[in-house]
Amino acid sequence: MSASAQLSLQGSFALPVLFDLGATFAFALSGALAAIKRHYDIVGVLALALVTGLGGGLIRDGLFLAQGPTPLLTNPHYLEAVVLAAVGGVVFGARIHRFARLIPVVDALGLGAYAAFGVQKSLLAGLAPPAAILVGVVNAVGGGILRDLLCREEPLVFKPGQFYFLIALGGAVVFLFCTATLGWSANRAAIATVALTFVLRSLTITFNWRTAPVS
Amino acid sequence: MSASAQLSLQGSFALPVLFDLGATFAFALSGALAAIKRHYDIVGVLALALVTGLGGGLIRDGLFLAQGPTPLLTNPHYLEAVVLAAVGGVVFGARIHRFARLIPVVDALGLGAYAAFGVQKSLLAGLAPPAAILVGVVNAVGGGILRDLLCREEPLVFKPGQFYFLIALGGAVVFLFCTATLGWSANRAAIATVALTFVLRSLTITFNWRTAPVS
Amino acid sequence: MSASAQLSLQGSFALPVLFDLGATFAFALSGALAAIKRHYDIVGVLALALVTGLGGGLIRDGLFLAQGPTPLLTNPHYLEAVVLAAVGGVVFGARIHRFARLIPVVDALGLGAYAAFGVQKSLLAGLAPPAAILVGVVNAVGGGILRDLLCREEPLVFKPGQFYFLIALGGAVVFLFCTATLGWSANRAAIATVALTFVLRSLTITFNWRTAPVS
């Protein structure tokens, strides 16, 4: 851990356990529903639920931070949430779509929470600030990109569409600014980040704000 | 290493060296033959042989366990087996298909052996039991998934087809159950796992048992 | 670090900082231009610039060596070069194509430099010689492969085409031979490697030397 990283974080925030597992469940459920829509078998449902639910965190810990086994694997509850989402998707099938209205809400909350959490964990691991922003963004949107790749889709997030990645990027920048420049506590900065990204994402969905191709 | 993981394994089993290298060779050869069929050049043959032969182990050690360089790279024999398979595929070309009848047999043996080995290595690294099962399965089937991704195929393993992934999953669960619940030695549990997965995979091929789409 | 690796390297070479950042910028710019051509939005431009500019190094450090956070993330200048390339690509758009004539030159220099650097870093991490060659090659060509995968292209490098991967492979082998067998200093071996790969790549482009499918 570098001295500058130690200086730049006042305390640290932990995601509330129920929120963390709930968001994992919601992401995993969205992956399972995508697999069901594509007529995959149970293996494909499990795989897409896993990749969508934990992909961002696995890239963060396994590829970027590389500091031994990730808590996502040493704590059994994350995988239990993924399996529960896959089984729930299969058992309740089409009827789950009513419940599925909750997914964009959880997703909008998770976007900011995971972006802030990824930035914090990266700073604690000694990463430079721009790299911490990168890892925060990947933590927030990585699962969706992996899901698209495994379905052999061109990742949606790269093509013009509703603001999603940019909101995660904004959340990571805001969290870094509040903790490192303003000296806020990590907890306070995380709450501000989640509030901001949630409002932006809700407005995006409501008014269908969209990015444009650069050429 | 957590105390519970230490308690749950009685001894440990090592894959017999010749089997380990033979399975790597067989997996790599199947990748090389796929590349030749697609009219890739020598680069593509080498790359697919590598990814199919070592992909599962590289994901296990590099992404999930993240404990420094993997034995697959510090021990030169694994890459030598891959290069040998690629060269063999190119030199013997079509004639190798007679030899290729052996591949499903080695593959069926490797499926259980790598599932058990992945579970064991994960438990020793302190992973939770469900995560150890995940890593065991990825160790067994990861190379084939990466091969399909690099060929820009939708991974076959996700779509309805013959039991393959589910047998690897069964093998990982059985190994965990025998060692952690029944208290068997790792060696005995590994032999039971390989025997079970080999029989199930042989029956699957013989009777063309298949999974169904979930919707 | 193994004793043999210590013996096999006389000193070590560091990429000149300006060259290293310049090559990162050039690779990233080629990714950004590819994204612009495909009408991606700013997110896609950033993502492809990042993956093409740093992909090879991230695979080297994150997946193969797994020794904690990579210098590509702890040193902020690499990501700054990537962002600069993405912004430059968007702002200067089509006019950049004149500047883009420089890219094959930088690319040809980077191919040998990164191959040598990857081999050296792998030997220092205790990898076996064939694995060090593999990591050197991935370090040199990995960004381009990841870029193709994310665009849902079959990686160009696998299909018959101009010598590229094979030149990186040749560079990695030459660097290993010069340092480990001939006992040259790492600096001298790196200069020889870069000179050789640059000449071979220039001849390849000039005379359109191509690989053939193996069948």
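Order of writing sets the chain letters: A, B and C. Residues in each chain are counted from 1.
We take it that contacts are C-beta pairs under 8 Å (C-beta built on N, C-alpha and C of every residue); 3 or more make two chains touch, one makes a residue touch a chain.
Note that the structure is a prediction, hence the values are computed from the model and not measured.
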{"item": "Numbering shared by both copies at the chain C-chain B contact, with half separating same from different", "value": "different"}
{"item": "Rotational angle, Cα trace of chain A fitted to chain B, multiple of 5°", "value": "120"}
{"item": "Chain B-chain C separation of Cα centroids, rounded to whole Å", "value": "30"}
{"item": "Multi-partner residues of chain A (at least 2 other chains)", "value": "62-63, 66-67, 149, 152"}
{"item": "Residues of chain C touching chain B in the complex", "value": "2, 62-67, 122, 125-131, 134-135, 149, 152-155, 157-161, 165-166, 211-215"}
{"item": "Interface residues, chain C side, partner chain A - complex", "value": "35-37, 39-45, 47-48, 50, 58, 61-63, 66-70, 72-76, 79-80, 83, 90, 93-94, 149-152"}
